[in-house]
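Okay, so subunit A shows up in both of these, paired with subunit B first and subunit C after.
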Partner chain A sequence: MIDKATKAAQGVFTWLDSRLHIAELWEHTAGHHIPKKSASWFYVFGSLTLLCLVIQLITGTLLAFAYVPSGAEAYTTLQYLTFEQPLGWILRGIHYWGSNFMVAIMLIHMTQVYLFGAYKYPRELTWVSGVLLLVITLGLAFTGQVMRFDEDAYWGIGIGAAIAGRSPGIGEQVVQLMLGGPIIGAETLSRFFSLHVFILPGSILAVIALHLRLVLSKGINEYPEPGVLVNRETYDAHYANILKKDGMPFAPYGIWKDLVAGGIVLMAIVVCALVLGPKGPFGPPDPTQIDANPRPDFYFMWIFAIAALMPDYMETVALLIGPPIGIALLIILPFINNTGEKHWSRRPVALLAVVSLVLSLGLLTWYGITSPWSPDMTGWRSAITPKQFLEHRSPLELQGAIVIQQKQCRNCHAIDGIGSQRGPDLAAVGTRLTAPQLTRQVIQGGGNMPAYGKNLTPYEIDAVVAYMVSLRPNGVPPARDSTLPAVPPSTRQAEKNQASAEGQHGKEG
Partner chain B sequence: MSSPETPTDPPTPCACEGSACAPGDAPKSRFKPSRRDFLLAFGVGLNAIAGAMVGIPILGYVLSTFAKKYDLRRIELGPVSKFPEGTTTLASYKNPYSREWDGAMDDIPCWVRRIKGNEFQIFAINCTHLGCPVRWFAESKFFMCPCHGGVYYENGDHAAGPPPRGLYTYEYKVENGELILMGGVMPTLATKNV
Partner chain C sequence: MIRSRALPIGLLFAATAILQTACEKRPDGKMHFMGEPNPAAKWKPSEDITDFTALYSQNCIACHGAGKTVAASIAMDNQTYLNLVPADILKNIITNGVKGTRMPGFGEAEGGGLTGRQIEILVNGILAWKKPLDTSAGALPAYAGPLGNAANGQALFSQSFEKDRPPAETYLNPAFLGLVSNQYLRTLVIVGIPELGYPDYHGFIPGRSLTDQEVSDVTAWLVTNRKNEFGEPLAAQPTPVPPASLPAVPPAPNTTDAPKLP
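What follows is the complex of A and B.
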């Protein structure tokens, strides 16, 4: 009975195989031989990235069941997907978290490939196609942010247009091409939709086909060993020898680690979607709701940070020329560093490059998330002043505390850590600046502070300065002008002098 | 692939060399392509023309917005009495280039400062740094941007932070007590006349 069934199954397989050539296909794809040592946990990130893409393709296609890429309706359909469509919220969550995982895992994959020297001869094009995949993936990430068509998306496009507008000579035309017209409108969303759903996924599938084809035809990188150098004349024979001596088919013997890691990633995506849910949509894409505080998703936070921290004169160059140069460097890497040592322990410059890139991108991302340079537009009415900064103050000083609150100083300045980090914390400002210095700073501005000279009355300036001089820890004397002779080390005496200096300044002002 | 030579022919490459000459084909004149060569060239040529016929409209379609010139258009903001003297207020207008399916996007905000009488300043909402919406604070008389902390004075001049210039200013005029501005284009550093 069992024999008969086996025979029948064999018959069916033989029939199919003689037509579809499955066995041959298997041998050349999943069953291709890999070096035994390459079946390593370090080598799972490529297939994990691919897994994320598959998740994105499936969930994205399903989200399009309900999503309408129309300026008037996109936001409503997002809300419908999130709150009414059964399980729509979890699909949105999986799509959102899948994109985060995809970008993150792709970057890990790239780092691993770089540190293991896999881009060297004869796998240059595998690396170059991988760089293209990175670019397309980031394109998908940016256009995907726009699909979540809320206020962040609207102003995010505006930021994209502002960057495009800096292109020399053709800025206006590039902006129009990007927006599909002179201003953000329905056509803008439609073209981002077309990019996100047709053009970029189509391109990514085509380049993945090339990438995988190259992985199969040039073989997976052998596990590098220190001291074993890549030589163009001998490498092919060397690799063939490894496969012959120490090779095994990827499936079923090497694939189990990819399967385990894949399962974990898949579960992690779903758990994130379940616990943390999808992102947004936030406020509607209505430009007249100007209380928006646009922030990019995490993969572009570092650009957001660069735009804040870069000196002004470098900005246009950094925003427009920086990314192409970075991509060009990645593309030419395998051609300028084609042979030699593969193992990271013998490539200190490569290691240093990775460490510094990870540190700088990581720090910039962290700064982007906390964005200490962003003023808090509600700080002036929401940031409280702790009691100890108001007690035992003179009426003039209290008046200054009110001015500081009312004139939006708190949009940038924290007091004792409460409020925006844009400007210096004022909690101990009286120990750092003298009354004349504070007066000058308030009137003329400087650094990143606007000049308040025309926007405050002399009386308000007096009050603000008096209050700020009083802002210092108990028992600490006020700041002293270092160009004047030192005052006796009596705190009370010093304060008295300071107070009289203020009084004089007030009269002058 | 080479054609058989006849004694009278010098040993020069045959016209159909490199193409699909079947063995036994009669030798052809040096200058005359084979029928297959001709048909191949004809097929390639035909497709080049057809490709252009498809490609030109496609490129034109995609690049139409690149090449097009969008003029600033006349937009009515309403009676000047809507804007009290000495104040700066948020106004919005319908985008003159709007589409019916624009939704809320066709309402474009701007800041209107009425200095006195018919003397106005109309600022775009977009920060000149990266286009975020700037907010007006009447108490301190500053425009502030929530993104990277750009600050502008009451008259739109750059006061602090990363913006490379002052706020974009629309041209305006007052006709029969109506405030009219020339707008409709998203202002960036490349936009002229703002």
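What follows is the complex of A and C.
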């Protein structure tokens, strides 16, 4: 009975194979030979990126069953998917975390390829196609952020269009093409939807086909050895020799690590979706919603930080010229440096470039997430003042604390870390500025602070200054006027003793 | 054989443990994954917020504190204040603010952004903190009253405050007096800010509580010390007396339902 079934199955397979050449396809793809040392955990990131793409395609297709790509209905369907559709939130969560993992793993893959010298001869086009995949993936990420059509998406499109609108000569036309009009309107979301579900996925599948074709035809990069140099004349023979001596089929000898890592990534994405959930939707995509606090997803946080931190005159240069130059550098890299040492330990400049880039992007991303330059517009009525900054204050000083709230100083200034970080923390401002200096600063502003002279009465200024002078740690005397003659240390010590006796924060003295 | 079964069983246990850790019990009594969006957290416009704790935390807590949070102005859960202030005056203060002081109006007409319903919720929530006040040491003075005899007030003021309290003279700072209303001074003398060392009418002078008349006298004394920015004394402005038809302070509600703040 079993023999009959086996024979029948073999017959079916043979029939199919004679027409589809499955065995040959397997032999040339999963069965291709790789250097034994390349069956390494460092080489799993390409497969993992592909796995993330497959997850995105499946979850994205399922989400499209419910999502209505219209400016009027997208937000409602997102709310339906998130709060009402059974398991809709898990689907959204997996799609969101899948995109985060895809971008992160792709960047790790590129870093590994760069550090292992895999972009060098004869794999230049493999690298170039990889750079194209990065650009398309970031395009998918941006348009995906727009699909979550909430306040983040709305302002994200607005900022994207504003950047595109600065293109010299063609700015207006680019904005028109992007938005389907001069402003965000009915056609805008349809255009981004087409990009996100048709044009970019189609493009990425085509480039992946090219990328995989190149991986198979030019082979997996050998594990680099210090001192083994790439030479265009000898490399092909050298690689063939490695495969002959030490080669083994990718399946099953190399693929199991990809499968194990794939299982871990799949679990990690699902766990993130279950524990952290999908992102948003936040407030509606409504420009009249003045308390919107839009932020891009993490992969664009560094651009958000650069745009916020750099001076005005640098904006056009940094936003329009910087990214094309960066992409161009990545594309020409294998053509200007495609022989020689592959091992990272013999390529200090390459290592330094990676470390610098990771630190810069990491730091900018952190800045973007915390965005200390953003005022907290509700700080004046919700940012509390710790007790030690109120105890033992005079009625005037307490009124000063109230003026600081009512005049919205707390929208920019924290006290002991509570409140916005835009301006300096006021917790110890009394040790840095004297009463006249504080008065001048409040009245005239300066250093990015507006002048409040016309918005405060003289008594309010008195109260604010009296309170701020009192803001200093216990035992630390108030700031001294630097125009006064210097005093001997003994006098300074007497001042400290007096301040300690008076105390300030908590008045322990 | 045993080894081959151990791996899937171990994985099953690990997966169960992860799933268990990823769950939490929600107010509906059911277990939910932590990542499952809570319908209560669904975005809504600020005018639709009707939760007292959220409204108080977003609008009042920075200046008025409550619970463990201390603030620079009179705490809204100060029991003396809660028993003193009439509900409609509290509502009026929140809605329209107090002109000439730091209290802004939160009503829509004042640009404050709170709807009438939200202000009702705030007033009811604040008054729900009220408990019956022990007045055995001295009757609670009236919320409002005319200015009294400044000379008597000065005599009382000279006795005020114990050694470890803030010096009484700090009340006489012209800038302070120029920033607050007569009513604020009267309320401050009655309810104080005990959490910051400013006593209420029981502790203003040693040994006994201030009477209603004495509160008016002390307020009058403080008001006569008011000066303009050039140090010139200002004429005392009479404190408006609320109309006789003012509704009675509502009785203390069932305190077990009082909303809590951190």
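The rule we apply is simple: the second predicted complex is superposed on the first by the 470 of 509 C-alpha atoms of A that agree within 3 Å, B and C clash if a C-alpha of one lies under 4 Å from a C-alpha of the other, contacts with A are read in each partner's own complex, and residues count from 1 in each chain.
By definition in this document, contacts are C-beta pairs under 8 Å (C-beta built on N, C-alpha and C of every residue); 3 or more make two chains touch, one makes a residue touch a chain.
Nothing here was measured: the structure is a model prediction, and the numbers come from that model.
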Fit or clash between subunit C and subunit B when superposed on subunit A: fit
First (subunit B), second (subunit C), both or neither touched by A:Asn293: first
C-alpha centroid angle, subunit C to subunit B via subunit A, nearest 10°: 100
Contacts of A:Gln406 with subunit B and subunit C, given as first, second, both or neither: both
Comparing the two partners subunit B and subunit C, which touches a greater set of residues in subunit A: B
Touched partner set for A:Pro284, first subunit B, second subunit C, both or neither: both
Contacts of A:Pro395 with subunit B and subunit C, given as first, second, both or neither: second
First, second, both or neither for A:Ala164, with subunit B first and subunit C second: first
Minimum distance between Cα atoms of subunit B and subunit C in the superposition (Å): 8
Common ground on subunit A, meaning residues reached by subunit C in one complex and by subunit B in the other: 284, 291, 380, 406
Touching residues (chain side subunit C, partner subunit A) in the complex: 18-19, 22, 33-37, 39, 42-43, 45-46, 57-63, 65, 69-73, 102, 104, 166, 170-171, 173-176, 178-180, 188, 193, 195-198, 229
Complex contact set, residues of subunit A against subunit B: 70-75, 154-155, 158-159, 161-167, 170-177, 179-187, 284-288, 290-294, 304, 307-308, 310, 312, 315, 373-375, 377, 380, 406-409, 411-412, 422, 445, 447-452, 454-455
Subunit B residues within the subunit A interface of the complex: 63, 65-68, 70, 90, 92, 95, 97-109, 125-127, 129-133, 135, 137, 139-142, 144-149, 151, 153-154, 159-162, 164, 184-186, 188-192
Footprint of subunit C on subunit A - complex, ascending: 79, 82-83, 89, 93, 150, 271-278, 281-284, 289, 291, 378-385, 387, 390-396, 398-399, 401-403, 405-406, 410, 457-460, 462-463, 466
